[in-house]
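Please go over the structures that come below.
First chain A sits with chain B, and in the next complex the same chain sits with chain C.
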Partner chain A sequence: MGFGRYVTARVLWAAVVSLIIVTVTFLLLAAAPNPAVQRAATQAALQGGDPAAAAERVRELRGLNQPLHVRYLDYIQSVYTLDWGWSQSRSQPVMEAVTQALYYTVQYSVPWTILTIILGPLVGVYSAANMYSWKDHAATAFAFFGYAIPNFFFGIILLLVFGVWLEVIPIVYDTGVPVFSVENAIQLAVPVFVLVTGSIGAVMRVSRNESAEFQNADFMKTAKAKGVSPLRAYAYHVMRPTLVPLSTTLVGQLLALFIGSSLLVEVVFGIPGLGRLTYEALLAQDTNLVLGTTLFFTFVAVIGNLLEDIVFTVLDPRISYDDR
Partner chain B sequence: MVNPDGDQVEIDIYHSAGQETSQLTADFIAQELGQNLGINVVVEAIDGTRFNNEYWTADPQGGTDTVNGEEVEWESPAPTNPGPRSATSNEPWDMSIVFGLNTYPLNPLTNEVFFDGATPFYNPVGYYPQFDVQGLFEEARQASSRDELRESFVEIFENLAREQPYVTLLFSDDLVGYNPDLEGPTENFSNGWDLPAWYEGDESVSGSYDTVTSARFTTLNPLYNTENGAGTAIERALDPGYTFDENQEYFPLLYDMSTEDGEVWTFDVRENLQFSEPYGQVTAEDFVYLVQELHQSEWANTAASTSWDGVEVEQTGEFQFEATLESPNLLWPQTYDPLLYPIPRDLVEPYVEEEDVEGLEQDEELLELQFAGNLGAFELTEWNRGSGTEYTRNDEYYLRDIDEGPDLFSEGPLFEEASISVVQEQASRLGALETGEADSAAIPPEQYESYDEDENVDVLQVPTPYNTIISVNQRANGWNAGPGNLFQLVPFRQALAAAISKQDLIDGVYRGLAEPHFTWQPRWSEFYPGDE
Partner chain C sequence: MATEKPERFDQVDWNDLSRSGRFDLSVNALGMLATAIPLVLLGLYEWQFLGRRTATFEFVGLERNLETIDYFFVFTLLLFVWFLVLPLLQNPRMTRYYWEEFKRNRPAVVSLVWLGIVFVGGLLGPLLVSAPQQDLLVAYQPPVFTSVVDTTPATCVGEVIEGRCHGTWQHPFGTTQGGKDVFTMIIYGMTVTMQIAFITTTIVAAIGISFGTLSAYAGGWVDEVMMRFVDIILSFPTFLMFLLILYIYGAGLGMFIVVFSILGWGGTARYVRSKSLSISEEEFIQASRISGASTYRVIRGHVVPNVASSIITQLTLLIPGFLLAEAQLAFLGIGDSSVPSWGQLISAGRSDLSFAPWIVLAPGIVLFLTILAFNFLGDALLDALNPEAEAENG
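Up next, the complex of A and B:
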């Protein structure tokens, strides 16, 4: 099988996977009682009307009395044309709810991801270069501290210190400020810091241990003997092989660049992002919105997997697509 | 106290899991009943929803029983009153402080749902009154003057104080923190009714009135909103028909209501009310259309639809309409049933013709209050679904030209802007209050002292009509210590009430931030029977 055929097959497979998921959600929904019908029936009963007739009216109104296959085709059509219905708990279209939440999530998830994948390996290699010195211990302590302390707790503490005591950052997140403005940078600095310290630990530890292997490798000795500066030696000869095993994690993290969201951090800092959107939709039993957020993450995951598989075959010739 | 076998009596009390105050209250009750009555009380935590489903409510069964010497039939059993005492919930239980109730001080007639004889809508504990409560409620309904009304209610509440259908403990206060520069907030049940006259610093238009809230708004469509928080957000930009002032008296906003006999009510709509263009002036026709074609329709299911059942509405002039009730009620405004938001007829007419509920629910002009004209203190500029609402001052506000109310209404509102921010995390809401980012926020009781000492925050104790009570299970699956059910005996319930020191409870658990509760009304209610 050639590369072109592999990609085609892989894309088709992704389409099939998404169709299966969409179908399963449809069947689950069709089997579950519809909240709108129940509401109407309860309302009718409370007002002394006929609950059965009221339920029937709503069913008719929403097209629920049509045969299953007609409803299925309707459903498939609206899913793939991005007409995801109305969010009852927010009084806006689901698509609008998702894009609005995404807008706020991206503002912190982009700097968070970029800083993590740049700083993580850097600190790791720095740590390895100074292994067992106080610098290594300090860096390790920093990594473990960030890893160990719960984000929401760390967030509240930092809010207390910088928001309430020092009053250098605002406590109520202001959705009205422009994305690229000093105010926005200030209000996002603490949430991003909390998230970076939370996620940098793992990357930093792996890269420290990986790079430790290469410190005394023959090519390092040669480099040093030639008089290569330590910075260049580490950047060129240690960092590169270190990044190979790390790349799996990093690619995964890059995929999460726009959708990696944190519910707890959003709650503490009052950011109306995707994490809160999904969580609140579940709590409010807002079927359309739950479906919308689920499908959104599903599609991103399917596309992400697709890209990952393709990129791997391009990057690493040892990964063959022949027997897959 | 021992049972016939000579063992010490042991009963259980349920409290809300995860709520510190609830648990401490239960512990305190256990201690008092142990020391003063020799009853061993076992304290159990339970999730509120689970308690409601398994212990508090039951499948409606109906049936008959002898109550106060009369044969009574349960004609319309409900989950909260499934039948006579033999009809019980799935799980047995003795006592509970999981739920408190509203005592409806403005409109005590509403208490009928709890106490109207043996078969009211809400009677999970299986209380059988031993006085003629139905007769007294009937008297109250027929009352043609405020004095007669008061007389009937005082008698009802005196009897309830004696019989203790629920063992009454206390009314807790709402604690609200305010920016100390703010002039206007009061420690009154009606706190906030005169917001257009509030100001910061001096009596000129300046600054911004910013508050924080924990819950997002589901909808700002005035026809469909059922949430308190969203109601506040709507009313920043759209006045409802009337309100109650600091003396708990009717205060006309959009319309005045008057009646001779409590049966026919006349609504006089103000003549200086304007919707946004193109809807023009607000007239009686808009209100009559709203009631007849939406609230009273079969299809629209508006939030107010139950309020207008059986009410006949008729337009009697350009700015006047009349409503005739099925049975007279002097306290009709106090039920909030006749409270209407102004909605332009031309806006909703297309939906009415199509009977289009979804269209009506999702209409952007309704959701964003774009039709509000001069009808609100502020104009809604943005509703961000995740983070709250923002407003600017409404320069045309009609309230400036009215004769009633505080003098400052003529300038109001005295803020350039306003906002309500949704901040879920309590620590963040309190932080915002402390730094002055928010002008007002609720204070949790356990932090009362630290905020009371804080000079950046003024803490007000606003009384509420919501009580804390011990529900004692008088049904067949209560009093598990057996035999029989002592909770059914009035003297025993009186003993329980007397064995618990309300003041110690208030001082010890509620940090003094509550009022003792003896009968089914708070002390500030017009219908409180007095202390004799």
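Up next, the complex of A and C:
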């Protein structure tokens, strides 16, 4: 199998996976009573009307009285044409709400991802180079600490210490400041720090253990014998092979964290991003918006995994396409 | 299996070893049956004959009621005792060896002690300590050895010295805004934590091991299809799916456990598959095949036990993720708010953070320590059970 065919097969597979997930969401929704219908019925009953008739009217309005397969095809079509419906709680199209929220999510996700990807392997390789010294132990302790402390709890504590007691950072997120300004950097510093400590630990551990293997490899001995400076030797001969196994786990882990943590961190710090949007949609019982944000996260996860696999095969020519 | 292993060949009781029929039960299985059957009967009795509000043990005059989740918890505990603790006792030599290996990792020993405390506290705590009571008079008591400004608590239980209320041993970790004792709530949270840890792990292990070995042994297109299925399971965003289910149907702790374990076994299945593929190449497997062992017996008697020791590590490292997810959901306050978990307590104390930080700090630190302990334990088990991995990973 050539590279082109591998990519095609992989893209098709991603499409199948996303279709299956979308189908599951449809089945979950279809099997449950629609909150909008229930609301209409309750309202009608309260106002002395006929709840059954009101429910039927809403059902008809939303096309819920059609047979299941018609609704399913309709659903699939609107999901993939990005026609995600109207958000009642925000009085705007779901797609618009998602894009608006994304603006704030990107502001802290980009620095967070860049810091994790750059610092994680660097510290990992550094601690492998100084294995069992106090530096290694300190880095390991930090990795475990970051890995084990729940992000939201850490965020609350930092907010208490720096926001309430020391008053260095604002407690309430200010959406009014420009993106590239000192104020914005200050208010995003703590959320980014919390997220980085949470994600960097795993990256550090993997790169430390992987690079330990290459440190005493023959090519490293040759490089040292030739008189290559340690910095260059580590950068070229240890870092590069380390990044290959790392990249298999990195994207998946970052994505899993992204989905779970962005929700929590945004709620804790009051950032009006995607996580907050999901949370508020859940509270407001806004089905379209809940579905929209869920689907958005799902698509991000599917596409992320797809890119990871493709990049992995490009990076490492030893992998044959047939194995995967 | 023989329970007492003779040291020498000529003393081997072959009659004992040749009991290899499918329905010959080991001591462990017999013990499991003997204890599980009463449990199932009790469950049936409650389900069929007792009203929803009647306490399970009313017929012996106890107030304690068992929920569905408690039955599963007890069941997994029985599995744990008969198939993990008892075998360790049956093989003292191996146990000593594991212990020697394990002991070298000091943080792991501390972690084990901590998890032991959480386990015992979760198991016995709710039986010994009565549930936390709302009492507005003793709201916002500070923890012992600390003090707050006199105006924070409604009435100070301890001494008031120079206008500061000091904590007492009556409320070692202080009290909440409702006057509930934080320490008691943490103990009740231990039960929830242990239920999540044990039940999810058991379900994940059961599905993962059977799926993985089956896939490895079926081979061919069956294997291909099964592994593709695992791919799908792995790419499911579990947290979001749970949010969606929670939103549509509403969900308690039981639903949480079901969803997270049903979507969480992908990694285990993959791991088991690759492990059992490599084990089935081993010579002792070929030897037992040549001696006429059936596939079932090879899998049950050789593959699963060999895989089991190495997936214990993998499972231990899965638990923190589940605990974290539960805490996150409880913190968001969109789950079942009647489950007395640590995340719930953190969420409850959040609004009083600036003047009563102990309500958040105590459960948060306990949660942090527990997650840390599971991670250390997993690392140490990896080294103790899998000497090869240690050599590879340095």
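The rule is short, and it goes like this: the second predicted complex is superposed on the first by the 207 of 324 C-alpha atoms of A that agree within 3 Å, B and C clash if a C-alpha of one lies under 4 Å from a C-alpha of the other, contacts with A are read in each partner's own complex, and residues count from 1 in each chain.
FYI, contacts are C-beta pairs under 8 Å (C-beta built on N, C-alpha and C of every residue); 3 or more make two chains touch, one makes a residue touch a chain.
All figures in this text were calculated on a predicted structure; none of them were measured in a lab.
S.K.: With the two structures laid over each other on chain A, which partner does A:186 touch: chain B (first), chain C (second), both, or neither?
M.R.: In the superposition, A:186 contacts neither chain B nor chain C.
S.K.: Could you tell me if A:104 is touching chain B, chain C, both of them or neither one (first, second, both, neither)?
M.R.: First partner only.
S.K.: Considering only the touch criterion stated at the top, classify A:156 as touching first (chain B), second (chain C), both, or neither.
M.R.: A:156 sits against chain B and chain C alike.
S.K.: Pick one for A:270: touches chain B only (first), chain C only (second), both, or neither.
M.R.: Once the two structures are laid over each other on A, A:270 reaches chain B alone.
S.K.: Using the superposition on chain A described above, determine whether A:164 touches chain B (first), chain C (second), both, or neither.
M.R.: Both: A:164 reaches chain B and chain C.
S.K.: Between chain B (first) and chain C (second), which does A:114 come into contact with in this model arrangement: first, second, both, or neither?
M.R.: It touches nothing on chain B or chain C.
S.K.: Does the superposition put A:294 against chain B (first), chain C (second), both, or neither?
M.R.: After superposing on A, A:294 lies in contact with chain C but is clear of chain B.
S.K.: Could you tell me if A:177 is touching chain B, chain C, both of them or neither one (first, second, both, neither)?
M.R.: neither
S.K.: Does the superposition put A:213 against chain B (first), chain C (second), both, or neither?
M.R.: second
S.K.: Starting from the residues of chain A touching chain B, keep only those that also touch chain C in the other complex, and list them.
M.R.: 156, 160, 164, 267.
S.K.: Applying the document's contact rule, which stretches of chain A touch chain C when the two form their complex?
M.R.: So the residues of chain A in touch with chain C come to 13, 17, 20-21, 24-25, 28-29, 32, 131, 144-145, 147-150, 152-153, 156-157, 160, 164, 209, 212-213, 256, 259-260, 263-264, 267, 278-279, 282-283, 285, 287, 290-291, 294, 297-298, 301-302, 305.
S.K.: Using the touch rule from the top, collect the residues of chain B that touch chain A in their complex.
M.R.: 210, 212, 216, 218-221, 298-299, 301, 305-306, 309, 357-358, 361-362, 367, 382, 384-387, 390, 421-425, 427-428, 431-432, 434-435, 437-438
S.K.: Which bits of chain A are touching chain B when the two form their complex?
M.R.: So the residues of chain A in touch with chain B come to 39-40, 43, 46-47, 49, 57, 61, 86, 88-92, 97, 100-101, 104, 156, 159-160, 163-164, 167, 170-173, 175-176, 267-270, 272-273, 276-277, 280, 284.
S.K.: Taking the complex as given, what residues does chain C use to touch chain A?
M.R.: Residue list for chain C touching chain A: 231-232, 235-237, 239-241, 243-249, 320, 324-325, 327-328, 331-332, 334, 346, 350, 353-354, 357, 360-361, 364, 367-368, 371-372, 375-376, 392-394.
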